[in-house]
Amino acid sequence: MNLKRKLRMGMIGGGRGAFIGTVHRMAAALDGQIELVAGCFSANPEKSKASGADLFINPARVYSTYQEMAAKEAALPADQRVDFVSIVTRNNTHYAIAKCFIEAGFNVICDKPLAFTLDEAKKLRTIVKKSGKVFALTHNYTGYPMVKEAREMVRSGKIGKIMKVVVEYPQGYAITALEGKGGGKISNWRMDPNVAGISNCMADIGTHAENLARYITGLEIDSLVAELSTFIPGRPLDDDGNCLIRYKGGAKGILYASQVSNGDENNLNIRVYGTKSSLEWHQEDPNELIVKEVNKPQSIYRRGNSYLSPAAQAFSRTPFGHPEAFIEAFANVYKAAATASADEVSGRKLKKDYDFPTIDDGVEGMAFIETVVKSANSSSKWTKFAKI
Amino acid sequence: MNLKRKLRMGMIGGGRGAFIGTVHRMAAALDGQIELVAGCFSANPEKSKASGADLFINPARVYSTYQEMAAKEAALPADQRVDFVSIVTRNNTHYAIAKCFIEAGFNVICDKPLAFTLDEAKKLRTIVKKSGKVFALTHNYTGYPMVKEAREMVRSGKIGKIMKVVVEYPQGYAITALEGKGGGKISNWRMDPNVAGISNCMADIGTHAENLARYITGLEIDSLVAELSTFIPGRPLDDDGNCLIRYKGGAKGILYASQVSNGDENNLNIRVYGTKSSLEWHQEDPNELIVKEVNKPQSIYRRGNSYLSPAAQAFSRTPFGHPEAFIEAFANVYKAAATASADEVSGRKLKKDYDFPTIDDGVEGMAFIETVVKSANSSSKWTKFAKI
Amino acid sequence: MNLKRKLRMGMIGGGRGAFIGTVHRMAAALDGQIELVAGCFSANPEKSKASGADLFINPARVYSTYQEMAAKEAALPADQRVDFVSIVTRNNTHYAIAKCFIEAGFNVICDKPLAFTLDEAKKLRTIVKKSGKVFALTHNYTGYPMVKEAREMVRSGKIGKIMKVVVEYPQGYAITALEGKGGGKISNWRMDPNVAGISNCMADIGTHAENLARYITGLEIDSLVAELSTFIPGRPLDDDGNCLIRYKGGAKGILYASQVSNGDENNLNIRVYGTKSSLEWHQEDPNELIVKEVNKPQSIYRRGNSYLSPAAQAFSRTPFGHPEAFIEAFANVYKAAATASADEVSGRKLKKDYDFPTIDDGVEGMAFIETVVKSANSSSKWTKFAKI
Amino acid sequence: MNLKRKLRMGMIGGGRGAFIGTVHRMAAALDGQIELVAGCFSANPEKSKASGADLFINPARVYSTYQEMAAKEAALPADQRVDFVSIVTRNNTHYAIAKCFIEAGFNVICDKPLAFTLDEAKKLRTIVKKSGKVFALTHNYTGYPMVKEAREMVRSGKIGKIMKVVVEYPQGYAITALEGKGGGKISNWRMDPNVAGISNCMADIGTHAENLARYITGLEIDSLVAELSTFIPGRPLDDDGNCLIRYKGGAKGILYASQVSNGDENNLNIRVYGTKSSLEWHQEDPNELIVKEVNKPQSIYRRGNSYLSPAAQAFSRTPFGHPEAFIEAFANVYKAAATASADEVSGRKLKKDYDFPTIDDGVEGMAFIETVVKSANSSSKWTKFAKI
């Protein structure tokens, strides 16, 4: 990370009971390079305070509002104030919070999707680019070493020209909202159009699928045809969506996401078919990358081996056979963004190749959501990908 | 089979070097209930004769044309002539040959797709229904015991209301036609519109996927949106196709088939998601059926066990752990069709539940091909399923 | 097979309700090269007759005793009498029946284990070798194409020097004999020392494991240490056994077999570790052979591909991705033995390399049983492999 | 953890380039409950200092010897000194270091195996028990949630009476020491009898296998027969070992470990067969636990689900489908030991059920090593388990 001290982190959101905030903190803590020193953990000041105490944060640096936090942290001496903040709040607040901290001079790591609307996303992009600050978006699945290996295989020409991409992301947890499934309450702000935006399922996980496919293949969507469905009665947004895709350059794609795929857990999978060979990766079995080619034995590439690309090796922590998983991949986004942030706070010129998802990925994701919803409401077959 | 003798079979097509003819013969032979006694194995009389000799057929019953075969066999005494014929020729000949044998009074097993056009298929249906003869179509994948178990799970209500169906059939063999893949000649009559019809890939294997989904779920397609592609340069027909499907009753589907999915072999898979539970089956691992439900351990149902439905048990030959595979599943189509044929030649009333694919499946398959091609050429989003 | 007619087969044993007799018949029928024309299907003449009728055998050739069958078949003209017989009776009868038919001039296929005792096995070996007849033993698991591929890999040097062999054969079906497991009657002649011999589990399936390991590796056992257990109360013979093995040349082995491994079906697996690479094969997933080597991606070799050895390709029937399984492997023993028998009845000199298990495999198997039982009763650590 | 501050940790060993020290630090850091504040990272004072700087440790608390560290830390005020130390040095130093810190009043987490000899282990046990301090041994594989679930299944009676245990731990990394495998240097202090003790492979990983089996089953070894081998020429200790085991109460076992299983990575697997059901767990696929029972579908239990036992749920961090792996399991040892240490430093009475491996596990492991080596050198079949 090239800094003589730990990087100082602040957090917005992630109070008691929050799932993704805890994941961000574990990801940040894993490598012993980052310390959490400040936060505004909840819009409720009491909850923020209690959460800060849980995390052993100095109470003076547990804030009641993010605006207060940005102002007071900015006012601290350079050897005390946070180097970056992590934003782990709901979709409709990302823009304002990120804008506030960027403009106050902080680097930012933000949960996905980037914003409430594509328009917000584009405005934020302008702000970020002008600022020269680091902005990372936690499309965490691209943090897996074998996903990085997959990208390297595409880049190196091993796959040849890509003909077809199949990416799928079925989850089934929402089925518990059906009568008799006994799943208890599901946090459903994601189903609230005023908080989540114009899509639930496609925004929450469809964007992960889209980002993963683009990260590995480098392909850009030309146009798509989408259908969105709502299977759980009474919900205002989609809980399932299917797309056919035309990529620029002629490749074809299938992308789908679902929260009602009963019994599936977090079953993100991708297959990329090329003229030279094909590859296949499964998030629930993340240490393997399958490479296939007609008239050859299948090859199983496994994390931690010396035959892997530098990109895959640089983001591994344990030897082969000692599996890594979700938190380590998430931590790889933090690792790369922390390296960039350390460069930024040290006044070094930022590089091109830290390998974390950026504001551009976030704009793409919002454009994907808008395009999908537009197509779902259209009677024409192909809808052009939104202008970004 | 309820006959005091072996059932007598004739074959049209399947001469030296033919893949599918050999499969049909192994499937017919497996249970020791059927004997091959006559055939017209090739449009080339010399090749037909040589093939008949390979198969130890009485030369007097090896014919030069199928018309000759139908006429001469029909003229034989009842205790000698064939009880049924298997048609394993190219798509564009199925109609005429099947018509000829049905009208000559024989039961028929025919390879898929049923015919050259939907129109032919409907005409053949009229002929078959009027004849009272047995007509079976070798959509062999529904012969697998665990596919039958899957259907029973849907029928029994175990799956609940079906919300989503994902069926995929990627093969990669055609990639060898690309320069430098060294795959040698690929029999490419399937790429010839004058022999195969209006589709190659969707007709050859897309119809299997469609049939499998319908067999298990019982769902009928309301409308679909399809894209067909040709990735191998110079080919006149599709080698890859993707569809989104709307089923009657509200379920959604994804169906795709491909011959250019580099390194995939015969990777037919289906997932059916219901409100109560979901199921998943993989043709290349056919002895297992995976059942999933939120908040429950996954269940792996395995062929040959006493906990399976009678439908699955009746079509198994070996105990659990002694795997069965492609030929046994194919033989199950023969087993069911032979039972029906034995009833027919014995003058018994035909039953409803032999459990083999029928002329109706064939018409559905041809309608599927026509709908897919129509959609692929349309700029509208949804194309209604062809009238059958 | 190089014969201008089907090979004629007789069967001893395998009457109504017999599992293994049915498997032998399916294996014989599959390729359309063999016809079953005679038999003595049961020691009970009525049952033999009824079974023959089920199988559409000419009643004149359904016999009441095997002695009668041998005599009468031998008296038939050469163009009518059986070319070989299949013996699918209980262990304690194999010797006498095989001796009778060999001495009457017939080729023989016999189920395993070869005999009731090692002594019988050696005597039968003398008879067979003197006769010049074909004698095949149905250690069917070596009929799998990917097992043949494994052997070729060892022979070609790809594996290097073998250091370790782990072969395991857990079944769990016998657990149903425990109270409350509701498994109904288990045919338990295998537990009767007067019928099965000195071992149940090791004789029935341990010999398969031993044969599989020797087939693939070519290694000979120098000495072993074994423990036999009987977990199902009241049984006189072993239902579970574990061995450590020292092979000649320095390799080490672990072999175990069990009938009380609750929930395992027919879970025969082998791993062979060499200095250059290692291989792994699973009977319940028989179309794959896994090849592993430090610092290299794992390779999955799959049946039906052109990159496989001629040995594996010669015993495949369907293209890649169209799985073959238990019956096809069993049929490969028949295919090879039938080729040899066709040569024998045609007066051609027998070859060395038909690739089916022979009388020598049978003697080895009986020696293995004797050595294991001797070790189990010994307080010394290592017991030398019995003299054969 | 029930402490109003982070727990303070010191480390002995784990300097630059050390694999296991890094793992311990990640495990300690993951949950944000522990801070590393002191250490003696190497026997080389310069390296210790540099390593401390890498880790952002206050240089005043980076020590040159562990004795200095114990003395100076003990002299610090209670609100500054470390609460526990982690010992991640070589086997032959564990005893002296642990003794030193325990006697200086610190809680201890120690890498395995516990000591250089069984005798040392027993002496350390006396010291620990007398001290009242927390002593945890990082048999990390028992930290996996699904291993805890397995133990709960045994304890709850779901498995019934255990009949058989098969535990295997093949690695292949040592094969790179063979000529031409190009694996570079392998740290081989484990092959040095003066550092590692009387065994290499069995001490390093065989003890993990033994511990895992005992943790899940609760079974105690009555006697065993072992063979140790050295396949890599020139090595003084075992690189491969196989055992048959008799457990008290009648169950039988197979245990093996290897470092020359070419191409295996860290392939620790266990199968436990009981009268009611059986279970199977694979370290390289750690989020699943397979439960099998005759006449029932197989069940796959998956981490993170609400149907799991409290024991499994308490040690999970992410929802189902978001896989956890090696580091999280390792962190679970730290989590449990930290909870105990927090109780100890807070003056609360220690509980029985924190669920981490203890000094007793360490003594058992050393007894296992001694018994295995004794058996390997014996010509008698069964060697009684060493007195502990």
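To keep things simple, chains are lettered A, B, C and D as they appear, and every chain counts its residues starting from 1.
One rule holds in what follows: a residue touches a chain if its C-beta (ideal position, glycine included) is under 8 Å from a C-beta of that chain, and two chains touch if they have at least 3 such contacts.
Keep in mind that what you see is a predicted model, and the values were worked out from it rather than measured.
In terms of the stated touch criterion, the partners common to chain B and chain C are A, D, listed by label. The interface holding more C-beta pairs in contact, when C-D is weighed against A-C, is C-D. Note: centroid distance chain A to chain D, computed from Cα atoms, is 34 Å.
Mean C-alpha positions place chain C and chain D at a centre distance of 44 Å. Averaging C-alpha coordinates per chain places the centre of chain A 55 Å away from that of chain C. Chain contacts: chain A has residues 173, 264, 291, 295-296, 298, 302 touching two or more partner chains. In terms of inter-chain touching, the protein chains here all touch one another pairwise. Only residues 4-6, 19, 22-23, 25-26, 29-32, 36, 55-56, 171, 173, 264-267, 283-287, 302, 304, 317-328 of chain D touch chain A when the two sit together in their complex.
Chain contact summary for the complex, chain C toward chain D: residues 163-164, 166, 168, 170, 172-173, 175-176, 178, 181-183, 225, 227, 229, 231, 240, 242-244, 246, 252, 254, 256, 258, 260-264, 271, 273-278, 291-296, 298, 378-382. Those residues of chain D whose C-beta lies close enough to touch chain B in the complex are 291, 295-302, 305-307.
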